[in-house]
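In what follows, structures are represented as structure tokens.
What follows is chain A paired twice: with chain B in the first complex and chain C in the second.
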Partner chain A sequence: MTLLKSREAILALAIMALLVLIASRFPAFVAPANLARVFTDTSPLILLALGQMAVILTKCIDLSVAANLALCGMVAALMNGAGVPLPLILLTVIALGAALGAFNGVLVWALGIPSIVVTLGTMTIYRGSIFLMTDGAWVNAHQMSAGFKAFPRQVILGLPVMAWIAVLAVALVALLMTRTPLGRAFLAVGGNPHAAVYTGISVGRTQFAAFVLSGALAGLTGYLWVARYAVAYVDIASGFELDVVAACVIGGIAIAGGSGSVAGAVLGALFLGIIKNALPVVGISPFWQMAISGAAILLAIAFNAMSRREPGRIILKRAEVRT
Partner chain B sequence: MSILRKALTTAAIASVLMAGAAQAETTRIALVVKALGIGFFEAAKKGAEEAAAELGDVEIIYTGPTDTTAEGQIEVLNSLIAQRVDAIAVSANDTDALAPTLKRAMDRGITVISWDSGVAPEGREMHLNPSSAPLIGNMIIKLAADNLPEGGDVAVLSATTTSTNQNTWIEEMNKVAGDYPNVNVVATVYGDDLADKSYREAQGLMQSHPDLKAIIAPTSVGIVAAAQAVTDAGKIGEVNVTGLGLPSEMAGHVKSGASKSFAIWNPIDLGYSATMIAYHLAKDEATAEPGATIPIGRMGEITLDENNEAAMADPFVYDSSNIDEFSSIF
Partner chain C sequence: MQADPPAAAGPVLSLDGIVKTFPGVRALDGVRLQLHAGQVTALIGENGAGKSTIVKLLTGIYQPDEGQIRVDGRPVTFPTAQAAGRAGVTAIHQETVLFDELTVAENIFIGHAPRTRLGLIDRRAMRDRAGDILRSIGADLDPAARLRDLGIASRHLVAIARALSIDARVVIMDEPTAALSHKEIAELYDLVETLKAQGKAILFISHKFDEIFRIADRWTVFRDGQFVGEGMMADVTEAELVNLMVGRSVDQIFPKRPARIGAPLLTVAGYCHPTEFEDITFTLHAGEILGFYGLVGAGRSEVMQSLFGITQPSKGACRIEGQVRVVRTTAQAVEAGIVYVPEDRGRQGAVKGLPIFQNVTLPSLARTSRAGFLRLAEEFALARDYTQRLDLRAASLDQDIALLSGGNQQKVVIAKWLATKPRVIILDEPTKGIDIGSKAAVHDFMSELAAEGLAVIMVSSEIPEVLGMSDRVFVMREGRLAAEFTGTAMTPENLVRAAVGLDRQREGEAA
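And now, the complex of A and B:
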């Protein structure tokens, strides 16, 4: 019973039910190899959802993640074209992503501009910068070195490196959230900013840290994305920030901050990833797919909202029934 | 910037005037492009020069603004009018903005046609489209059929459900699907012109249709994503990716074998044909009126429709034999 009360457990059950439903129409979907493929495909979403979770926990939102991803992806592709070795590219995109995130963070922290406004602005700036760098030209498969494209695909113990990176990031962020003062501070700042200040936590600095984390993860994902799809251009991952926010909301991260978990963000991302991968194979008309996708999201959120009802109201209902 | 441009234009005019004085008998045809330095248009210039060499008494003035603006093009056009060239063939940056300037050119007896990107009907005598929806629709299924001598299942990976171009082409494709009885179109899916969604849809097609032999993607994002999905699934040789794409974007996938061939307009042929048409109209060997046919040298001939528009030819097919030559162009 206590297990059922946890939001994460309910979401996990919903994912199971979803898989059963998909399997009834297309059995091959639940084959282990295919599930591994779906997990790999969902890795970028998981990585970004982890960063977004930290940002949302602190009562902020980062709409610039997809643009950050695209910019870092393009930088990675251009560096590869210039013959820079892969480890250096990886370090650069993570640092660049963190710097872009820090720019968001500084505007929110020092100038006190609402994060939704800041990141709406930087989203456009980051995408615009890609255009400035490339004049709108593409970097194509044959312009990327074989090693650059092969790294995320390298299979280790049955899973590609891309999936292992997601697993590693999940473990590290989980550690950060539960075992470090910063992780506690994310929750404290979102839960009650005033109380947080009295306990000696700087709200602005914590929000800044969340943006840096989100940016660094977006930068890393930028390389993975470009290497996986073997193409880089201005519009890659356009609109992806909305998927990331949706994954967090489905995962039960309170949009008002202060409440949520790594497991929730991961499960929320998996839920969306499974739907995205299942829709093409279950034979549903493409004209219905968007509606179904949206309905599934609403359903998951409604489920979440129900499980979060305050106990007081439930007692009142029982009292009503009794009289 | 503007001063520099003016200086350059003046220099260009001066040199052209001198050249013009030297050969008064030649027909001077100006090929005006959207902007200088774009590979596609440099290739069109090559075609125009080829036509000029064939015709003999033609001088090509290849020009255009330094950036893709209508203002820049108007400046260039004004200087061409002042030079009294015999014909102007323009790929317009704006349908309407160029019309008054071009009308002025026509009033002074200059032959004006548009090609590639059209001008409003009052601003040109005729417009040359690289191809037409029926020709494209036929070509994309022909590309799939040509590589499937024994026939088989093929699927279409389009852009969005509301993309007008793609929907028209697919509609035209379905009209002629009966001409290719071996080819069985099993599904049409939409990748929304996003690399990740197109990739996922292509994976989905291969899973739900295990016997799939070809994916037709009439969109440049879709064709690249589908080729990558086929490569990653280890199905090169089993599933052929074809459709419409750009040689520079597809070069890697043609070399890997994921795509045996694909199509898009050929800029060389386009420049060649535009020059041929401009020449014949300027020499009054043909008239631009609905129903008229104009010869275009090695490309055959074109027939004008009721809007004085014409389609040049089938989209040009690119494969391993010519991909290297064109991938550096556009």
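And now, the complex of A and C:
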């Protein structure tokens, strides 16, 4: 337990160090207004990382999140074009995202197909569906209503709605993880699936629930993404699923399942978000940016692997025998 | 080649004063074993007598702590599996270790394939030699066939051919007939005769007395990791062997307190499973401890798992206090008041990474939460109640369960199930692999539960434990209830005879 806490503390310290380093060369970056901007920019990553965290905790992975986001975003844009009111659009994209996640979940649960294969397949299906719906056409800013585009940017108490949605989602998922039987089940299923079965927890159903959560968050983020960037087409957020998995891994969510926290996922996403926003400012090429993210992932995994090793255990057992 | 006077003079392989210990267990305590060329030696003993450990020592998986292994009278060590193979010792395991995706020839020669001058595998030579070996044991198999297309009996032949391909002098067969049909068993016996004729020394491990008497020349009996005796099969009777296997008084002290046996609580009628067990019918009373004895693989755990909803019976009914309860999931079992403490705590019990208190409350979350939200204080209180009753030694209930010792993890797992307030508790090998002190605590606690009116089922392979703790004992054999013993009929001899099927054989002979 202290180990888990310390892992998140170490990541928080790393983020602080990163900010200090950037501030030493470019003080304006750490101005409150800019930090708020960085946080808002990172909100989609945080939202998706929360869902991915639940999925990874149950020993699965959801590679279809970015495609799900793009499909729901396109549906939101098309509904807006048809004059559907915004609250209804929001409900629809969340429900659609959840349904797409449920489709993943059913395949994993009922058919027992490994999640990496399932979501690799549905990722392509979801992207392809966007093309079928639109024939590859874009929905551009001038085709979207002002209200549709403005909602995520509306500032309340100094932060845009988009950032507030991320904050709210973090709070709700944290509540889910620490205060509900489902959150406990995520940890138990990933920590020891056999024991979970003997305890009356259905492994498949729990994994299904994680996929639904991940899908619903992706659907919501789909609207936010399209409205913020004021454009929808087949390839939006292409490759974003890898950023999401990276955020989780950096945040200490064990890829083998059963270990990880909301704080970790959020910090992992923030770490990536800060790097992404800071490097152009400091004048480093985006290719370095990818190398740095990659190095951060390897470092995080190496750190997790090292903290899991139990030094001297075998030797101690032998010593016990001799006495 | 036929004349082999040195081997005839002494054993090919001999073990002397072998000691092997594991944390808390003395698996082998100064045992001896001798294997002779052209003879089959049967190694006989109950579960836990040390038979598997001997196999692992002979094949280089384990190293003895003390004692001497000799081949042809020369001291040897087997630091690796390869070293054992070079010395000519090979084992055909219970679950034969072969590779599904490789061909028969590749399986036979994996690790020592014939090479061409360039150092590449000489596929033709490999196929030819594989064919020769297979023919020599009368196996009609295509060396180029893929292993995954073969049945279990053919796989055994491949394993045996593999043993011969490294010029083995000692062949260990660990329960080779466990998964075979009658016809396949007959073929295996022929094969054993072939190996004997070729001068191999064979170690034959089996629970089945009929086959031991049919094919073995010599016998060696182990009990609780100790050497009990050896001799020629011609000079011994079944009864003598059974006595040697169990020959001990129930000298360990079990704190069984007399409990008032109440009304029937659980009635199981005609439980069947397509592959695991058949026609299981019994009644369990409140305040009773019911022992289930049998050899490993007799189907005891499988019956218990179906009572607990892990697997579903194909037929049969389960009643609690006369009311039919459908148990298809573990959640339904818990609701019906049946809980099961599994044998494999690491895999099936403790959720490592979760703190102790959350492990305890995992099946009780419905009770400790309100309106769908967990109440941690309530969980903590529940966990504290039950872990205190079990005298759990832990720094804090907030600590990860992985940091506890095996005995203490067992206590947490038991506390977890008691916290669901069950009426029937099934304990599968409750004291396996835990130290003496924790054993006594678990036994004491079982007594206490029975005294409180719970019905307890104890699956155990330890005869003293079964006899010391149980009010009644069922013996299972090959997926069926073979016998029931109460009172003075509960003797080690009766239990073992029923478990190995001696009584049934007698009936067969009489008929």
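The criterion applied here is as follows: the second predicted complex is superposed on the first by the 285 of 323 C-alpha atoms of A that agree within 3 Å, B and C clash if a C-alpha of one lies under 4 Å from a C-alpha of the other, contacts with A are read in each partner's own complex, and residues count from 1 in each chain.
In this text, a residue touches a chain if its C-beta (ideal position, glycine included) is under 8 Å from a C-beta of that chain, and two chains touch if they have at least 3 such contacts.
All values reported here derive from a predicted model rather than from experimental measurement.
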Superposed on chain A, are chain B and chain C clashing or fitting side by side?
-> fit
For apex chain A with the CA centres of chain B and chain C, the angle to the nearest 10 degrees sits at 130
Touched partner set for A:259, first chain B, second chain C, both or neither = second
After the two structures are laid over each other on chain A, how near do the C-alpha atoms of chain B and chain C get, in Å?
-> 37
Dual-contact residues of chain A (chain B, chain C) none
For the chain A and chain C complex, residues of the former touching the latter | 1, 178-181, 184, 187-188, 191-192, 194-202, 258-259, 317, 320-321
List of chain C residues in touch with chain A within their complex | 21-23, 65, 308, 310, 329-331, 333-334, 340, 342, 344, 347-355, 358, 362-363, 365-366, 369, 372-374, 376, 398-400, 416
So in the complex, which bits of chain B are touching chain A?
-> 161, 188-190, 193-197, 199-201, 203-205, 207-208, 224-225, 227-228, 232, 248-253, 255-256, 327
Could you pull out which chain A residues touch chain B in their complex?
-> 26, 28, 34, 37, 41, 138, 140-143, 153, 225, 229-231, 235-240, 276-277, 279-281, 283, 286-287
